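Presented sequentially are two complexes of chain A, the first with chain B as partner and the second with chain C.
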Partner chain A sequence: MIHFVLLISRQGKVRLTKWYSTYSQKERTKVIRELSGVILTRGPKLCNFVEWRGLKVVYKRYASLYFCMCIDPDGNELEILEIIHHYVEVLDRYFGSVCELDLIYNFHKAYYILDEILISGELQEPGKRTIVRAVAAQDSLVETVKEQTGSISTIIAQASK
Partner chain B sequence: MSGPSLMDSLFQRSLEDIIKGLRQQLIGEQAFISKALEEIRKEIKSTDLSTKSTALLKLSYLSNLHFHDMSFAAFHALEVLSSPRFSHKKIAYHAISLSFHDSTPVLLLITNHLRKDLNSTNEFEVSLSLQCLSRIANVDLARDLTPEVFALLSSNKLYLRKRAVAVVLRVFEKYPDSVRVCFKRLVENLENSDPQILSAVVGVFSELACKDPRSYLPLAPEFYKILVDSKNNWISIKVLKIFSKLAPLEPRLAKRVVEPICDLLRNTAAKSLLFECIRTVVTSLSEYESAVRLAVGKVREFLVDEDPNLKYLGLQALRIVAEKHLWAVSENKEVVIKSLSDADPNIKIESLRLVMAMVSEHNVSEISRVLVNYALKSDPVFCNEILGSILSTCSRNLYEIIVDFDWYVSLLGEMSRIPHCQMGEEIENQLIDIGLRVKDVRPELVRVARDLLIDPALLGNSFLHSVLSAAAWASGEYVEFSRNPLELMEALLQPRTSLLPSSIRAVYIQSAFKVLVFCLHTCFVQGGSIVPSASLNNLPAGVSASVSYESFDEISVENGADVTVVHGQTCASAPITKESIVNLLNLVELALGPLLGSHDVEVQERVRNLLGFVDLTKPEVLNSAVQEKDDSEGKGVETSKVIKLMHDAFSKELGPVSLSAQGKVSLPDGLVLKENLGDLEMVCGDLEPPSSNTFSFGSSYEEKDGLSFSNPQIKEDSEQTNESTSLLAEHRKRHGLYYLPSGKSELVSNDYPPANDPTLQGDIDDNADNLVKITAESLVPKRKPNHGKPRPVVVKLDEVDEKHVAMKKPESRDDSLSGAVRDVLFGCEDVPPTLSQSNLSNKLSSKRKGKEKQHTDPHVESKENVIDDGNSSLRRKDRSHGKERRHRSPRKKNVEERKETNQKEKEKSRRHHARHKSRQRAEEPLKVSAQTPVIPDFLL
Partner chain C sequence: MGSQGGFYQSKEFLDLVKSIGEARSKAEEDRIVLGEIETLKRRISDPDIPKRKMKEYIIRLVYVEMLGHDASFGYIHAVKMTHDDSLLVKRTGYLAVTLFLNEDHDLIILIVNTIQKDLKSDNYLVVCTALNAVCKLINEETIPAVLPLVVELLAHPKEAVRKKAIMALHRFYQKSPSSVSHLVSNFRKRLCDNDPGVMGATLCPLFELITIDVNSYKDLVMSFVSILKQVTERRLPKAYDYHQMPAPFIQIKLLKILALLGSGDKQASENMYTVVGDIFRKCDSSSNIGNAVLYECICCVSSIYPNPKLLESAADAISRFLKSDSHNLKYMGIDALGRLIKISPEIAEQHQLAVIDCLEDPDDTLKRKTFELLYKMTKSTNVEVIVDRMIDYMISINDNHYKTEIASRCVELAEQFAPSNQWFIQTMNKVFAHAGDLVNTKVAHNLMRLIAEGFGEEDDTADSQLRSSAVESYLHILGEPKLPSVFLQVICWVLGEYGTADGRYSASYITGKLCDVAEAYSDDETVKAYAVTALMKIYAIEIAAGRKVDMLPECQALMEEFLASHSTDLQQRAYELQAVIGLDAHAVESIMPSDASCEDIEVDKALSFLNGYIQDSIEKGAQPYIPESERSGMLNISNFRNQDHHEASSHGLRFEAYELPNQTVQSRIPPASLASTELVPVPEPMYVRESYQTTIVPSASSDAGSTELKLRLDGVQKKWGRQTHSSATSTSSSTSQKTVNGITQVDGSNTSNSRTRETYDSRKQHVEVTPEKQKLAASLFGGSSKSEKKPATGHKIPKPSSHVVEKSHARKSSMEIASEKKASFQQPPDLLDFGEPTVKSAAPSVDPFKELEGLLEPTTQVASDENHGSTTAAAKSPDIMGLYTETHAGIYDKDDSDILSGLSNPPVTNMFGGTTSMQVAQSSKGPNLKDALEKDALVRQMGVTPSSPNPNLFKDLFG
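And now, the complex of A and B:
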C-alpha cells in the first residue's frame, strides 16, 4: 500500500500531502524535511527510487513539481510510477494543461482528485474519464450550493433573521 | 453573541485570499499565518455554516501545507459535518481525515454522522464517508459501522462497491470480528467481472496475504483464475503479489502457477508487470530452474537498459536471486562491477550489495582488492559505504570467510590510509578484536601497527585517531613480536602525538610503558639468552638470521631462564644495547616530562606511572652501564626483579571476555564463596586441583591499566588447562554435590538444550571450569575443518548464546484477524470427503466446489494419516468441538458480553492454529511423534 503522497516544488515548498498511514504532525514535518533533502538533491538522470527508513519512496518530477509516493519494500516501484503518471494525467485533464499554480490555488481540488484515485493507500480507479466525471459531478453539486449561499439576498436574509 | 458579526461573514477572507496573501508575503510568512489563524479561530465559532466551513477549509490548508496544529477545531469540524450541504460536508470530511487520530476526543461523536452518510442516497456523500472511515477508523468505529459497510459491499453502484471493498481492509484490521460478517461477500466479489471491483478486491487480498498468507490458501483457485484471465496489468500485479506469498506454502500450487507466470514473463509488454513476474519467480519459485533462467534473462535486459530505473530494479532482483542462485550474479558480473561507477548513488549501493553477496572465502581477497580500488576513486560517501560493507562482510560471524588473517590485517591497515576513510572506529574494533582472537596474526598485526604509528602524517587526520589508538595498543600489547621496539618507542613518543585527543594519548603512553618494560626486560633479564623459537615460523625468513645480541651483562641469566614465557620470543632485528636503553629512558623523560602537568587525569596518571618507573630503574641502568660487566649481583637483581615483575604483569595473555561471563558466576543467596571453594580444594586434593591462583577474575582491562599484578603462574599452557579441565569435569560428575550450582546449571539439567548453541558441548565440559576460571573457555579452540591453507584459530566465545531465536509471537490483532478469516474460510467445509480425491487441476475447473475442496483436501489427508495416532485423534475431537462452538457463537454473540466474545475468538483462533499444526504434521508423518510433546506448549 501507499503510505503517503507528497507534492514538493523544486524550491522545497510543499504543495500537497496526503497520509494513508498514521503519522503525527511532528513526524510529518520531519518526514517532509528529510525526504525533500534527499529527493531534491538528486540529479535528473538518476533512478526514481530512494530507500528511506526501510521503505521505498518513488518520485517523479513533472515540470517544477516532484510527486513522491512512499511504499512498502515489496511494493512495485514501476506500478507506482504509473500511478503517479496517472494522477498527473487526470490533473492535466481536469485543469486543462495543469501547472503548479493550478495546484497552489486549487489545493483542495487536487486532494479531491487524489481521493478519487486512491483510497486507503490503494489504487481505486484506473479510468481517467471516470475520475474526471466524478470530480466534475461533485463540483456541480458544490457550485449549485454556492450560488444559493453566495447571493446577497441570502446573506441579508440570514442577517435579518 | 461572541461570534463574528455580519461584516465578518461578508468580508471573510477566502482560501484564495490566504494563498494570495501568502504568496505576496507583504508582512512575512509567519506573521501572515498567525494573523490568519487568529481570524480563523474567530470565524470558526460562527453560527453561520458557510463562514465556519470556509474557516475550516483555510485551517486545513494551513495545517496541511504549513503544519499548524488544527486539533482545536475538531469539534467545529463535526459541526460543519452535520450541515446538510454537500460542499460543507466535503470540507468537513477533508479536515477530519486530515486531522483526526485515535486519541481525538470527539471521535466518539462522529459515528452517527458517518452512519447517516453511509446510508445516504447521494453516492458522493457515501464515498466521502467511506474515505473518511478508511482514514480514521478505530475499533469502535469499525465495529459500529460494519453493517453499513457490509451492505455497501453488494451495492449495485460500482462506484460505491469498489470503495467499500477497499475500506473493508481497514475495518478488518481494526475489528477482526467483522470478518465473520463481511468476508463471504468479499470473496463473492472476487468473481465479479468488473475490472474495477476486481482490482479493489485483489488489492485487499494482497494486503491481507502479506500479513498471514496461510489463511488464504483456500482461495488459490479463484486467484489462479484471475491470474490466467486477467487482461488488466494492475490486477495481474496484485495477483502475482498474492501468489508470491502463497506459493512457498504449498508446493503443488507453485507447480501450478509457474507456467502462467512464465507466459506472462514472455509476453507482457508492461515493464511493471514484467518486473513483478521476475520478482515473484525469484522470491517464491526459485526451485524452478527454467523459470529462474527465464527471469534472469529478463533481468539482464533490465540491467543493460538505458533507463536507470530498470537498471536499479534489475540489480535489486539480482540480489534476491543471489541468495539461492549465485550463478545468476556471476553471469552478470561485468554489468554489476561496471555499475559500481554509475552516476547514481542508489545504483552504486545496490551493485555494491550484490558484489558483497558474491563474496566467499575463495574470492574475498580479489573482491576486496577491486573494491578498495573503487573506494580510492569514488566520492567520500560511497567510499565509506564500500569500506563499511567490506568491514561488515569480512567480520561477519567472527571472520567466517577470512582464511588469511595476515592479509586481512594488512588490508585493514591499507583501508585506514584511504583518504576519505571515516570507518576508524570499526577498524579499531576489528584490529583489537583480531589481535585478541587470532594468535597467529599478531606478528603481522604489530607490523601493520608499526607502519601506521610511524607515519607522522596520519596523526593529523582526526578520523584515523581511533585506528591509531588500536595500533598503539596492539604494538604495546604484542611488543614481543616487534622487530624493532626502539623504533616503536620513538613512534609512540613522537612530538606530533600532541595532536591526539587525550584519551588516545593515554593509550599511547600506556603502550610506551609496555614497550619500555619489554626493552628493559630483554636487555637486562633475558639478555642474550633468547633463542628464536617456534613462533618465528610465522615471520619472514631471514629475520631470525639477523638476530644478534650484544650481551654485555650476565646479571641474571638464571632469572631469565626461570621465566617460561609462552610467547615471549623476540626477533629484534635492531639490537637492544645498554646505550640504547639509556637513550630510551632519556627520550621518555624528555617526551613525557611536560605531560606531568596535563589536565587530563588519564594522561597525567599514566605519565606519572611511567616516569616513576623510569626513575626507579634509571639509576640502576646507568650504574650497570658504567660498571659494565662487573656489577655486584645484589643491585642488578633488585632492578631486574622490578623489571621482571612489570614484565610479568604485562605479559599475561589477554583474551576476549564473553559478554555473559559475569552472568555465569551468579551466586545463590547466602552462599559464602570462600567456604565452598575451600571444600572444593579438599575434594579435588587428589586430582591436583586448579591452583588457587588460577582463580583470577583478572579482566583484560585491569591489566591494560597496569594496576593489577596478577599472578605470573597463570601463564599455563592452554593444553594443560584443557586437560585439567576435563579431569575436573569428570570429577564434577562424580561429586556434583560439592560443586557450586553455577549459572550454567540449568543447562545441564535441561533435557532439551537450545539447538542453536554451538558452544554447548564445550560448555558442559567446561562447567566445572567456569567456577574457577571464567575465561578458560576462550582458550578452547574451534577449528574450521577443510581449508586448503590452515586457517588460524579464531577464539570464539559463547556470544551466540544470547541469540536464542525468540518464538515469534504474531501480533494479537493480526492473529485474531487471520483466525477469524480461517473461521470463515474453513467454516464452510461441508463437502463430503469422497470428493477430496480430485487433484488441484480438477478443482480449478469447477471453481466454486474447488475452493471448498482445496482446503478439505489436506484436512482429510490428515485424518487418514494420523488415524492410529492416539494423540492427534484426541486433538481431532478437540477440533470438532471447536467447530460446534463456532456454529453456536453467532447466535450467542448478541447476548454475550463483548469481552467474552473476544476471549472466545482467541481461543478459537488458537484451536485453528492447532489444526493447522496437525495438518502440517500429516504431511510429514515421520515427525509426528517427535513433535507431539511440543504442541501442548503451543496451545498455551
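And now, the complex of A and C:
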C-alpha cells in the first residue's frame, strides 16, 4: 500500500501532497521536511529508494520535480517507480507535454488525475487511455450527462468534444 | 504554451503562486501565505459570493494547506460545496474535503448524507466522485450508512464505477473487517468481471484477504494461474500494455498472490511452475518494468515450494541484477538474494564480491539493504565479522530509527551465535555504549540473565570467568563520561551481584564505584535505585562472610540523601540498606543469600498459604470472597457497558429515520436487524443476567468487606514475596509478577532457555515450510538434522567448541565467509540420505488439498472459462475506441484543448487566464529554448522522459 504521495520541487517547495494513511497536519509538515532533507540531497547515481522510519520511500526526479511515494517495507520498489512514471505519462498526455508550471497552477487537476490512478493507496487503473478518458469526461462534463449504458459512442463523443 | 486545461484561475491566484515561487526565504513565504489566509477568511464568510468564485477560494485554501498552513477555518465551506448540484463545483468540494479531512474529523458526519445521495445518482461521474470520497472519508462508524449502496454499485454497468466500488469495499475491509466479512464472496465474483481493470482492482482486496487466511482461497489457485497465463499471452486489450509489457501491474499483483498461496503447499506450487517459468523467459530485462516483474517472480519462487529449474532462473536473474550498473537493480538484487538464500544458500557464494561492493558503497540505502542480507546469512562462523561491521556502521550514523534496528539485530546475532563469552560481553558493551538508550530494556534484562546463568550449564569455571570478565570490563567502562541509563543499570546490577565474587576487587573499591555512579547520574532515579540495591548486596555478602563492614563516608552521605528522597522507592531501598547493615551474619544470610538470582521463584498465585487464615475468618463469621465479576454491584455496570458496546458496534449512528413513537418494545427489533444481525441476540443475555442479578442481591452487603479482604491480600503478597530479589532490579512496579524483573522470574521460567528456543523456533519454521528447506537449513548451520529436536542442541554445541576452534578464525577478512561456506557445501550429499522422511511428511499435506481441489474443480473451471471468454470479448471493443482516439490524437492536442478549456471555463476567467498564462509562459519559457533542449537531452540520457518528444518537458520556470 502507498501511504502518501509527495511532489517536491528541487528547491524544496511542495507541489502536491496526497495522504492515504492518517497523518495530522503537524506530522505532515514534519514528514515533508524530513524527507525533502533526505531526498533532495541524494546524488544522481544513487538508488531511488530511501528507507525511512521503517517504511520505504521511492522517488524519481523529472526535471526539477521530485515525485515521491512512501510504501510498506515489503513493497516492490521497481513497481512503484513505474507507477510514478505511469502518473507522469498520464500527466504528460493530459496537459500535452507537461511542465512544472502546469502542475503549479493546475494542481487540482493533478489531484483529479491521481485520483483516477490511485485509490486508497492502491493502483486502480493501469490503462493510460482509460484514465485520460475518465478525467476528460469529468472535465467536459455537462450536467446533463446521464447514464446511457451500452452506447459507447456517447462517452467518446463527450470525451473528445 | 498553455496547458489543455487552461489557467482559469483569477489573476489574484496567479499572483499568489508567483509571489510564493519568487519568495527568497521561508519567512517571506510564510508572510505571503498568512496574508492570503487573512484575505480568504474575510471573503469566504461573505454570504453571497458566486459559486465560481467560491470554487476558486476553496482551491486556494487547498494550496495554502498544502504549503503547511492551517486552513481549518474553511473546511466547513468545502463541506458545504459538496452539497452543490453542479458536478464541477461538487467535485472541487469533494477534492478539498478529501484533502482536508482525516477519517476521524468531526465534519465527516455532515458529508455522509451527501455521499449517500450521490451514490444513488444516475450520473456515473457523480457516483465516481462520491466513491473517491468514500474511500478516504468513511470511517468505521459510518460504514453501515453507505455499505448497502456501495455493494449495489458492484453491479453497476460502468466499469469505472465497479472498480471504485471494489476499492471502497477493500478500504472498508481494512478499517473494519467485520463490517464486510459477509461480502467476501463479492470479491470472488468480481474476479470474473468482464473488464480487466475491474479484475485487476479485485486483486487488491483478494491479496489482503489471502494474506490473512490462505487456506480459504486455495481453490482459486487455478483461476489465478490461468489469468496470469492469459495476461502473459497478451490476451488482454492492448490498452493495458505498458512499455511493451502485457499488463505488468496485474502480473505483479498475481505473482504476489501466488507466492502466498504456494507457500509450503507443494500441490498448489506445482500448478504455478509453468507460468512462472514462462514469465522468466518472456520478461524483458532491459526495461525497468520488466525487472519489476522479474523481481516479483524471484519473490514468488523463493516463497513457493522450491523447484530446481525455477531456482536456477531466479539465480540467473539475481546475478543480472547484481552485475548491473544501476544502483536500483543492485538494491533489488541484494533483496532478492536475501530471499533466495534461505532456500539455496549456495548462490550467495558466487556473488560475494558483488555483496562486498554493495557493503562498501557510499549509498546508504544500498548499504543498509546489504546489512539486512548479511543479517540473514549470519552463522557461528561469520558472526564476528558481520557484527563488527554492523557496529561500526551503527556508530557512524545518526538516524535513531535505524540505529535502534541495527542495534537489536546485533544483540540478536550476538546472543544466537556468540563464539565466546569474552566476545559476547565486549560486543554487548559496544552496542550499549553507542546505542544504549535506543535498545529495548528487555535486551538489558537478557544480558543480565546471561551473565548470571552463563553459556554452558555444565561448566562452572567458564561462568565465573564470564562474570569476572564482565565485572572487569564494566569497571573499566565506568571511567567513560556519559553512559546510557540502561547500560548503567546493567553495570550496577552486575557489580552488585558479582563485583566481589572473584576476590580481585575489595568491597570498598566496588562500593566506591557504585557511589560514584549514583552521584554522577543523580538525575536518573532508576540508576540510583540500581546502585543502592547493588550496595546492599555487596554489604550483605560482606556481612554474611563474617567480615566487618565499614561504610564509606561518601556512601553514608549518599544514604542520608536517599533517606530523605522525594522518591519513595529510593527511600525504601535506603531504609532497607540501613536495616540490613544492622543485622548479624545469620539473618543476612537468610534474607539475602548470595548468588540467588538464578533460582526460580515460585509464585503461588492461588495464595494457598492463606487458606488456613481464611478458613479461620470464615468460621468466625466473615463473608466469603466473591470474585469481582460476580459481584452484583459490578454486574449492573458491566451489563450497561455491555449493552452500550453492542449498540455501538451494531450501529454507532443511525442513518435511517426513527420509527413512529407509538410503537412499543417489540418494534425495537426490526430496525436493529436491518442494520446488522449482531443486535438481535442482545436482549436475551440481558434478561438472563438481570434475573441472575436479583438472586445475588442479598449478598450485596458483603461487597465492601470482600474488596477489603482482597486489598489486604495484595499487601500480604507484596511483603512476603521475595523482597530481596525483587528489589534488586525492579524500581517501581508493584505487582508480584513484575517485580522480580527479567532475571529470575518472568523471564526466568520463560527465557532461561530462550537462546536455544529462539534457534529452535527459527529452525522449526524452516521445517514447517518444506523438508527440502530443512535439508538446506542443516547445511547452512552445519548440523545434522535427523529430527526436529536435534538441530537445537546440535546448534548449541558449536558455541562452546567454537570458543576453542574459532579463536584462530577470529578477525579475518569477510572473504573467509566463502571458504567457510564451501566447506559446508560439501555436506549436502550426506544430507540427501534424509530424502525419505521428506516424502513422508509431505504426503499427508497433499491429500486434503487434492480432495479440496477435486471438490472445487468444477467451479474454478467455470470461473476461468468465463474469464477467458470475457477477456477476448473485451479485447475487441477497445480496439474500436482505439481507432477513434488515434485518428483524433493530432487534433485533440491542439484545437480540442482550446475548445475544452473554453467550454469548461466561463469567458471572464478565460480572458484573464489566457492572457496571463501567455505572459508568464513567454517571459520565462520563450527565450531559452536552447537551454530547454539541452536539459531535455540530459534528462533523456538519464532515461527519465516520457516517450513523446517535447523539449519543454518540465522546464522549470522558477529555476
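To be clear about the criterion, the second predicted complex is superposed on the first by the 141 of 161 C-alpha atoms of A that agree within 3 Å, B and C clash if a C-alpha of one lies under 4 Å from a C-alpha of the other, contacts with A are read in each partner's own complex, and residues count from 1 in each chain.
Keep in mind that, in the parts below, a residue touches a chain if its C-beta (ideal position, glycine included) is under 8 Å from a C-beta of that chain, and two chains touch if they have at least 3 such contacts.
Just so it is clear, the model here is predicted, and its values are computed rather than measured.
Touch criterion met: A:V14 reaches chain B and chain C at once. In the superposition on chain A, A:A134 makes contact with both chain B and chain C.
By the touch criterion stated above, A:P126 is placed in contact with chain B and with chain C alike. In the superposed pair of complexes, A:T22 makes contact with chain B and with chain C alike.
Between chain B and chain C, C touches the greater number of residues of chain A. After overlaying the two complexes on the shared chain, residue contacts for A:N76 are found with chain B and with chain C alike. Of the two partner chains, chain B and chain C are each touched by A:Y111. In the superposed model, A:G54 lies in contact with chain C only, and not with chain B.
Shared contact residues of chain A with chain B and chain C: 14, 16-17, 20, 22, 24-25, 28-29, 45-51, 76-79, 81-82, 104-105, 107-108, 111-112, 115, 119-120, 122-127, 134, 137-138, 141, 145-146, 149.
Every residue of chain C that touches chain A in the complex is listed here, in rising order: 1, 3-5, 7, 9, 14, 17, 20-21, 59, 62-63, 65-68, 70, 85-88, 91-92, 95, 99, 102-104, 122-125, 128-129, 132, 135-136, 157-158, 160, 163-164, 167-168, 170-171, 174, 197, 200-201, 204, 237, 239-240, 242, 247-250, 252, 288-289, 291-292, 295-296, 299, 326-328, 330-332, 362-363, 365-366, 368-369, 401-402, 405, 877-878, 880-882, 884-885, 888, 892-893, 896-897, 899-900, 903-904, 917, 920-921, 925, 935, 939, 942, 944-948, 950, 952-959. On the chain A side of its complex with chain B, the touching residues are 1, 14-17, 20, 22, 24-25, 28-29, 43, 45-51, 72, 74, 76-79, 81-82, 104-105, 107-108, 111-112, 115, 119-120, 122-127, 134, 137-138, 141-142, 145-146, 149, 155, 158-159.
On chain B, the positions that touch chain A within their shared complex are 6, 9-10, 15-16, 19, 23, 48, 50, 57, 60-61, 63-65, 67, 69, 85-88, 90-91, 94, 101-102, 122, 124, 130-131, 134-135, 159, 162-163, 166-167, 169-170, 195-196, 199-200, 203-204, 207, 210, 232, 234, 237, 241, 271-272, 275-276, 279, 308-309, 311-313, 343-347. Residues 9-11, 13-14, 16-18, 20, 22-25, 28-29, 32, 44-54, 60-65, 76-79, 81-83, 85-86, 88-89, 92-102, 104-109, 111-112, 115, 119-120, 122-130, 133-134, 136-141, 143, 145-147, 149-150, 152, 156, 160-161 of chain A touch chain C in their complex.
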